[in-house]
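As structure tokens, the structure follows; a few thoughts come after it.
Which chain is which? They are A, B, C and D, in the order written, and residues in each are numbered from 1.
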Amino acid sequence: MIQSFIKYLEKPIFNNPILIVGLPGIGNIGKIAVKFLISELTAKKFGILFSPHLPYQVVISEAGLIRLLSNEFYYSTSEKDTNDLIILTGDFQSQTIFGQYEIAEVIIDFCKEFNVKKIITIGGFVTGNIEDPPKVYGAINHPSLNSWIEQFAVEPCDFGVPIVGAAGLLIGLARLKEIDGICLLGETSGYIMDARASKAVLDRINTFLKLDINLTKLNEMDQESQEKVDKIKEIEKGEGISKKLKERFTQKERDLSYFG
Amino acid sequence: MIQSFIKYLEKPIFNNPILIVGLPGIGNIGKIAVKFLISELTAKKFGILFSPHLPYQVVISEAGLIRLLSNEFYYSTSEKDTNDLIILTGDFQSQTIFGQYEIAEVIIDFCKEFNVKKIITIGGFVTGNIEDPPKVYGAINHPSLNSWIEQFAVEPCDFGVPIVGAAGLLIGLARLKEIDGICLLGETSGYIMDARASKAVLDRINTFLKLDINLTKLNEMDQESQEKVDKIKEIEKGEGISKKLKERFTQKERDLSYFG
Amino acid sequence: MIQSFIKYLEKPIFNNPILIVGLPGIGNIGKIAVKFLISELTAKKFGILFSPHLPYQVVISEAGLIRLLSNEFYYSTSEKDTNDLIILTGDFQSQTIFGQYEIAEVIIDFCKEFNVKKIITIGGFVTGNIEDPPKVYGAINHPSLNSWIEQFAVEPCDFGVPIVGAAGLLIGLARLKEIDGICLLGETSGYIMDARASKAVLDRINTFLKLDINLTKLNEMDQESQEKVDKIKEIEKGEGISKKLKERFTQKERDLSYFG
Amino acid sequence: MIQSFIKYLEKPIFNNPILIVGLPGIGNIGKIAVKFLISELTAKKFGILFSPHLPYQVVISEAGLIRLLSNEFYYSTSEKDTNDLIILTGDFQSQTIFGQYEIAEVIIDFCKEFNVKKIITIGGFVTGNIEDPPKVYGAINHPSLNSWIEQFAVEPCDFGVPIVGAAGLLIGLARLKEIDGICLLGETSGYIMDARASKAVLDRINTFLKLDINLTKLNEMDQESQEKVDKIKEIEKGEGISKKLKERFTQKERDLSYFG
């Protein structure tokens, strides 16, 4: 394989589709969020993106069975005749500069082919003081989408802040093809798989897209995560190892390479 | 050279060929196993894969004579009118992401050209407690091959485990071209060139392919290896340097770059 | 995106255009200088260079609005019927070898298309003893341009010195297309965003191109910078942390990745 | 620039040309040797190889004048109607895997175009005990060239030894195009620009090609080098800093990036 491509299991015809992207990243907020969406909407897998810019490994998908690393497209048709949803998640983001851009191009080409006019990407934003529920930051890819900031009830990202990885890059590149996009970033400590931040982001998507999904199931995951945070905080008090943990997780962000 | 390619010494016509792959890797289990096979079957070299993604060095192949690094294809025609064997080994695996995928593509294209329908790849699996003989783990590239797990008498790899490098990648990519594949991983400490693990894997291939190869010669290599392990264990008891050794070998795995 | 390209907002017809390049680099001297030029000349943006070799991130360009990283072309038409000016600046330089060359090629192709015959690039040069005002070093890309060294009143760069990054590479590659070029390097400590060095360079360009720009506004930025330098010097005396600072900034140079 | 290429100043017609290659590397033995050859034979530059895989910097070639990094082809026509000589040297070798192979391909294509049938590459070989004069090791790229080992009076390289970089890679790749090649490696400590090793290698080439070049001028450079070695040895005795020096130079070898 020398170029990224999408293998289709089927090619559905969509009604005003919106793409929601949640790939591994800081706190795995995007991946947790969209995997929950996929499960709740019983969304159907229809496309698999393979790439020579993903790590050169395979993963055991069920006992004794391997599969290539990939990003995967799911869809859920709307019962209310509004927007169909396409959901993208995956094992990894590319770990090279060129790879990130090449994969993003394949995804944007997908959007053009399937007439996707709106993209919502989900990521995490590391801050020191996390509110309960965590804040959600937002950034749009065109001034004309300003009302989205209000409709999603998000805090606009501050001037100058960089957003690293596919969540930002995809809506940046989408603009070049006249596709609207918003990036939603859940506030997180970056220490843990942060289901609480995922829930905060999904809450906004739920409202904006009128999905009526019950998010309470995420509380359980949230609680598990929170217990870990509490333990970390305790340890921090006692032994001051927070620095090590922070370093470890900063490293992980950089790698963009842990499973969710 | 800007693309990987295979230079053919001859282009044999094969009868239901099966490709067996043993490249350098953890414990060099794959390479030791297939080099033994090549020797026992007096398999004949017929193709050499060169690549701009292998290290930029040459190696002295006999006193005063250099050759490019390569991966090499051998074959052994079956006397029993069953499957011909094609065996692939080599000096190195690629050390870059794109290189791994590009070389794998050339190998899969080779399989299509020579009508290879089955691939067996061999690698190592680092565990803490190694049984005697070492366990062999297996992973297939399609659910329909489930019976292979039993036929090879291997332990199915656990859910979520990644297999890094060509042993996994090749059968992962093979699936995209409808080629069946199994990856056999010999349990190893990762400390040494592990002929015992190679023997354990070959034992399975011997049975599955009814090769009737006498593997006892591998005991000698095994013993050498084992004496090294024993020494390491002694040292570990006395001086606790096992951690250093482990680190060293973990590094080596990452490099995938030592000779066998 | 798999290739660098320029998106044009308009395609002006230029009168003997000269390209002035100030990208992020040591002390950010080039970027500060050309941003000041752009502001003073109210130069107009007309082209945006995007590249899969720039970091895979986006940046918040105003509250809540993202844009891709880019290099940007501005122009200012001359009122005196002499040379129109084209000014290139940007968020980043490429961080890979191939990326630097690929982006430079796109810029040189731009020069051919818009009939640019002269390129002035601006960068920084780290020295231990910085004069007040700082010296400006110069290097031309053809012996026939020797008189420029005098006209710009710059110190010729010493034999053997390497100039790393786009400031040097662009005029090096320009030569292959018969385009004249000079690289102006402001002497700097490398510790700070060095507006004083930028001013020293602009002073030369001001004279050479007879731009009549009032550079005094740069004194303010200069003073801010200078206060930082003074603080650093004080600290150095007291606590000897200069080494740390130097390391930090050397690292930054290497990254070529900080904003200006 | 996105591909390596050679810019020709002229395209001479050669009489049985032999290519001699001396690029920067361990001890800079190859570069010192061929620069001496170029000077003694007053060889004429006729081709410049540029590449997007060389470092993204330019160098001041004379006060105030820059040029791109490059590899350069010189020639010297034989007065004795035997072999014309083509000599290749340069600023750097590529620092990436793919770059090494891509540049090597351009050089081999050059050989095919100019009907080069023999290549002699020069490099260094780090050993602990250096004889006086230093030994020269040799490695050929085809068994039929076995007599060269004797004719050059070199020690054949030992089985299994890797030769890293262009000196080995070029004759390895040359074989694929039926071009004969030998790699001559001067024994060196790796500590210094090793003119003594260069002289030892040139001595062999002098004899083999009947060049009648007076090599005594190299003794001066040799002596300078030797004084440095002596100082290092003294320091080693007194202060044991040899390890640091070795590390520093090992690092340099890895970088292949210092001037000669």
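Definition applied: contacts are C-beta pairs under 8 Å (C-beta built on N, C-alpha and C of every residue); 3 or more make two chains touch, one makes a residue touch a chain.
Keep in mind the model is a prediction, meaning the values are calculated, not measured.
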>> Quick check on the contact graph: shortest path length from chain A to chain D, in steps?
In response: 2
> Which chain is most remote from chain C in terms of Cα centres?
Replying inline: B
> For chain A superposed on chain C via Cα atoms, how large is the rotation, as a multiple of 5°?
Replying inline: 90
> How would the chain A/chain B interface be labelled, same or different, where same requires over half of its residue numbers to be shared?
Replying inline: different
>> What's the distance between the Cα centroids of chain B and chain D, rounded to whole Å?
In response: 37
> Counting in whole Å, what is the centre-to-centre distance of chain B and chain C, each centre being its mean C-alpha position?
Replying inline: 52
> Can you list the chain C residues in contact with two or more other chains?
Replying inline: none
> Each pair of chains that touch: what are they?
Replying inline: A-B, A-C, B-D, C-D
> In their shared complex, at which residues does chain A touch chain B?
Replying inline: 1-2, 7, 50, 52-68, 95-96, 99, 259
> Can you list the chain D residues touching chain B in their complex?
Replying inline: 94, 97-98, 100-102, 104-105, 138-143, 146, 149, 156-166, 168-169, 171-173, 175-176, 183
